[in-house]
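For reference, chains read A, B, C and D in written order, and residue numbers begin at 1 within each chain.
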Amino acid sequence: MNRLKQDAFQSKKERFVPYIMSSDPSYEASIDIALTLEEAGVDAIEWGVPFSDPLADGPVIQEAGDRARKAGGGLRRAVEGAKEARAKGLTVPLVLFTYINPVLSVGFKEVIELMEDADMDGILIPDLPFEESEELRALCNEKGISLISLVAPSSKNRMEKISRLGDGFIYYVTSLGVTGTRESFAEELSESIQKLRDVASVPVLAGFGISTREHVQHFQSIADGVIVGSALVRFISEREDTLLQANREKPLQEIKSFIEELCS
Amino acid sequence: MNRLKQDAFQSKKERFVPYIMSSDPSYEASIDIALTLEEAGVDAIEWGVPFSDPLADGPVIQEAGDRARKAGGGLRRAVEGAKEARAKGLTVPLVLFTYINPVLSVGFKEVIELMEDADMDGILIPDLPFEESEELRALCNEKGISLISLVAPSSKNRMEKISRLGDGFIYYVTSLGVTGTRESFAEELSESIQKLRDVASVPVLAGFGISTREHVQHFQSIADGVIVGSALVRFISEREDTLLQANREKPLQEIKSFIEELCS
Amino acid sequence: GRFGDFGGKYVPETLMYALEELEEAYKEAQQDESFKQALIKELYEYSGRPTAMTYAERLSEHYGGAQIYLKREDLNHTGAHKINNALAQGLLAMRMGKKQIIAETGAGQHGVASATVAARFGLSCKVFMGAEDIRRQELNVFRMRLLGAEVIEVQSGGKTLKDATNEAIRHWVANVEDTFYLIGSAVGPHPYPMMVRDFQSVIGEESIAQMKRMIGRLPDEVVACVGGGSNAIGMFHPFINYDDVALTGIEAAGKGVDTTEHAATLTRGRKGVLHGSLSYLLQDENGNITEPYSISAGLDYPGIGPEHAHLRDIKRVNYESVTDDEAMKALKDLCELEGILPAIETAHALAYVERHAKTMSKDDVLLVCLSGRGDKDVMTIQETLEADKG
Amino acid sequence: GRFGDFGGKYVPETLMYALEELEEAYKEAQQDESFKQALIKELYEYSGRPTAMTYAERLSEHYGGAQIYLKREDLNHTGAHKINNALAQGLLAMRMGKKQIIAETGAGQHGVASATVAARFGLSCKVFMGAEDIRRQELNVFRMRLLGAEVIEVQSGGKTLKDATNEAIRHWVANVEDTFYLIGSAVGPHPYPMMVRDFQSVIGEESIAQMKRMIGRLPDEVVACVGGGSNAIGMFHPFINYDDVALTGIEAAGKGVDTTEHAATLTRGRKGVLHGSLSYLLQDENGNITEPYSISAGLDYPGIGPEHAHLRDIKRVNYESVTDDEAMKALKDLCELEGILPAIETAHALAYVERHAKTMSKDDVLLVCLSGRGDKDVMTIQETLEADKG
């Protein structure tokens, strides 16, 4: 059963959802990181699929993808890792974050079946706007997997249409540009997010560029939660060497502290 | 009185006329060379004016011109040298060999007056075809100076017109191309030269590329004489250093022997 | 926004509104006589259209078959067909009130065309270009800078056209409100492939009129090189409904389609999404885009315009491929026999002509889109010829 | 064979018959409709004529006076007006049964045009070029070689255009029977200056028609750069009898006409003979030709076409000069304001426009002959801009 739709997630306040790249820096390490994030108390995890041309991502996540691809990462391998994480006791909702081409390459039907088998809860495809999503959405609905929608400040009159299709949660892109940490956010965001929350029947999570405790607190106050990607991925990349060792207790502990600090 | 028109030149057989560049390698040396050539028994001398763009000349005479210009040579200086050579006893006919631009630069009238004053006998301008020569020809006639005409194998039907204007001698260009030594000459030359001799009232001298005793003998047999330029100028250039010394007896003696050898 | 299965708008939500706005503006412009007139004025009075149609008598004799005609897009201002589209999109950008344009470029021809249009219309211009292409197309890089454009060197991936396009899209995402993305080929999300096709169709339209005037009929076959495919689609589109006219697109086979170094998307690709549209793609089993290779910076692209994918699938256009070596040989032939130095891109179409003309009759007519001139390529040509010598 | 006092045939006797033969052949060709048709065909269907007439709106605004129009000879095949004459003389060479052509070149534009024509018509081609110009115009040298021409490096004198011309004439003297000398500017012995003028007059003729169509009248002033003077004479000649049209030729002042480094023949020269005709010349008191200097290889010539000398003396054309620095500034202006990279030669005319347009009224029209494109000059431009930086 889709954990995103369960009350635990839907009725939670101040949701905190981190993004990590599967197979970064290794298949096993990324699973351990996921388990550590759960220990740190996150509300769900975005589980990235490495891709050669991630055009919605900034350099931090691009490089994570390059590391993951070198480590043998890919869409099938990412779902396999999710399944293994579940087997190791991961219980938070898991959202597969992937570009559309790897999904097309494997095939829509097979991807959704693999995800169901791995007990994953949602899929988020930044380059699949709702106009192009009909076929995949139908398959997701059939298997009870949430196809996460994105809304951006530039969505303008598209916001309502998108919010109607909201499933699991809606990812609100807090700034123009690609993923990456940013210093400041536009004032009008608050208003725009509130407007979206008014029409959406699912939580609205804010993401893109959220990197400090202050950002987190700010967006927790105006949205239904936050997504943190690049800041965490960079923190992981700085621990690549130790994470690749057999005993990765220390860096995992640091990641846990990093998350606790962000959420505190 | 124009020596080219005197019987000594007009009725001579197997005329030998060398070309040298005035002021090459120095003003004084070139005068001494002229006097030496007379001692060697030449029948007239072509006295070259250095020019920046000698487009009828090959590299040997171009370089002689460059040396002469560095040594202060030019049209006025060449005529001055001729005058000095006469003062030192030079008696053979002297023909000024110059491109048209230096003549234009000084002025037609002044050039011819200077030449008359220097007791020179003819002027030869390779880039002044008869069509462009009317004004200068009139001035020459007035002062009794021969304006030497050239005929080339490519002159074709122009040959007769040119021969009618022949004055002093006619310079028959023995090969296409610029001045310089050559290995062989076209067979048809003999016929062409004979045709010219039939219509010309002055001697026909062959020039361009005559460099060996064999060439000289060959052209002496089919023409009324030969002109030797590049071969002699090269011989002089090889003695530049010794000719620039105060005592230039040795190189002058060598030049004399070179000419005697060519004519023997 | 589809050509059969192909095309679409696969872009981040951030760009979707901008694409809708663009589509709207394009539709309005198409209806607006003053826009059409302004475009015609620039094409004719600035870029020098109509471009000539040249009968290549010595080349035809040498290849020994069909009579070869060349549609001379190399005679356009800036030396290639790219300016047709750049002028049109530039006018559209002005109409939409955008003050900044961005562009990606491979061979540099589209970059030069964009920089040119920006200068002509007084817009600011950033051109994204792979570091490898910057090396290969030094002349064009300098031209862009002289024209006042900022050339942004892209270090990611294979450092060629694909990577430049990624970076251009990223920049657009971050600056979508005031920036017009001037896409140079018949690729990208809807409405770009359609728009670029329409703006390049002047090539085929003029060709039809010129062929009728010169030979009293249409050619038997029309050939164009295909990277993204804008010169080809512009040439082919007006001929599509003339069933008697065979259409052939030529891809870059690099060192051979059986090697890993080629850019033969239709020959070796699978369906996929790159740069916003569904088409054929060179990709691995994980759906990662593989690095293409071609001696020609303009064909060194792992995708192809979606309309070409469709035209291939419905068999209206035949696509073949030509290697680096074949292209360079054809380039020399055209230089020595007709006095025309073509772009290496274009030389791919000519290499097919060398292979194919002799199979046709002397009464047949083969029309080639001479998409650009080769001045920009002299460094590459020089390097190649010297490498051949030993 | 004279323009007033100027012109004539000051060449070695060896060449005189060939010149007579050429004059005869040219007269016959002029009467022959089939020659005219063949030439028109090549000009229109090969070189892309008519070239565009471009209104330079932003440049006009920037310079703040006359409305500036550009006659776009840069859009010709090979990138300059030189091809007009090269095609015509090439056809004449074929008509005369010559199989070999030779040419001199400075900027390389005429060399490229000659090599192009030789390739197109199947003639062999030797191009004489000064070693210094070979260095400055690397791109064009490579283009000539690709086109199958032999480029002969000239080491004499200043190693520029004058010296290349000397060597070409020497070669012609030695091979006059089977060689056609394709002179690229309005210089040389009769009939060349007349022939080149006639063959280039298409520039002015088209301009008159285009101006009438675009502004309903003739321009107030026409400007062209002058080295040997072929683009200028081709532009001016059809305007000569329109007394209301001011004509201005721009010479290269290099580092200044008061220095020794310039090529301002009419400003600083005296009457003299160079390369077969009487005109103005830069020369010393001995009548030796002095080495000219200009940043532009195409204007770096100590002489000028004899008809220009005549037009100056009768005051029909006004000649002024422009320095290297002024030309480079104007070149950048045209790039940045109109998206056109002109040849450095052409930039001299533009620099005069910068100086002069603001003295004219906004109702006045200034027509500039944009004689060639600047792609060939990027190395020189790059070096200059870098030197300026420090």
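FYI, a contact is a pair of C-beta atoms (placed from the backbone, for glycine too) under 8 Å apart; a residue touches a chain by one contact, two chains touch by 3 or more.
Owing to the predicted nature of the structure, the values given are computational and were not obtained by experimental measurement.
Engineer: List the centre-to-centre spacing of chain B and chain C in whole Å, with centres computed as mean CA coordinates.
Structural biologist: 66
Engineer: Just the number, please: Cα centre separation of chain C and chain D in whole Å.
Structural biologist: Taking the mean C-alpha position of each chain, the two centres sit 34 Å apart.
Engineer: Give, as an integer number of Å, the spacing between the C-alpha centres of chain D and chain B.
Structural biologist: Result: the chain centres lie 38 Å from each other.
Engineer: Do you know which chain A residues sit against two or more other chains?
Structural biologist: If we look for residues of chain A contacting two or more partner chains, we find none.
Engineer: Among line, ring, star, complete and other, which best matches the way these chains touch?
Structural biologist: Looks like a simple chain-to-chain line, open at both ends.
Engineer: Dump the list of chain pairs that touch, please.
Structural biologist: A-C, B-D, C-D
Engineer: Residue numbers of chain B touching chain D in their complex, please.
Structural biologist: Answer in residue numbers: 50-53, 55-56, 58, 62, 69, 74-76, 99-106, 126-129, 131-132, 149-152, 154-158, 162, 173, 176-178.
Engineer: Within their complex, state which residues of chain C touch chain A.
Structural biologist: 8-18, 20, 156-157, 162, 166, 169-170, 173-177, 270-276, 278, 281, 283, 285-290
Engineer: Given the complex with chain D, which residues does chain C contribute to the contact?
Structural biologist: 44-48, 51-55, 58, 72, 74-79, 115-120, 122, 139, 142-143, 146-148, 214, 332, 335-341, 375, 378, 381-382
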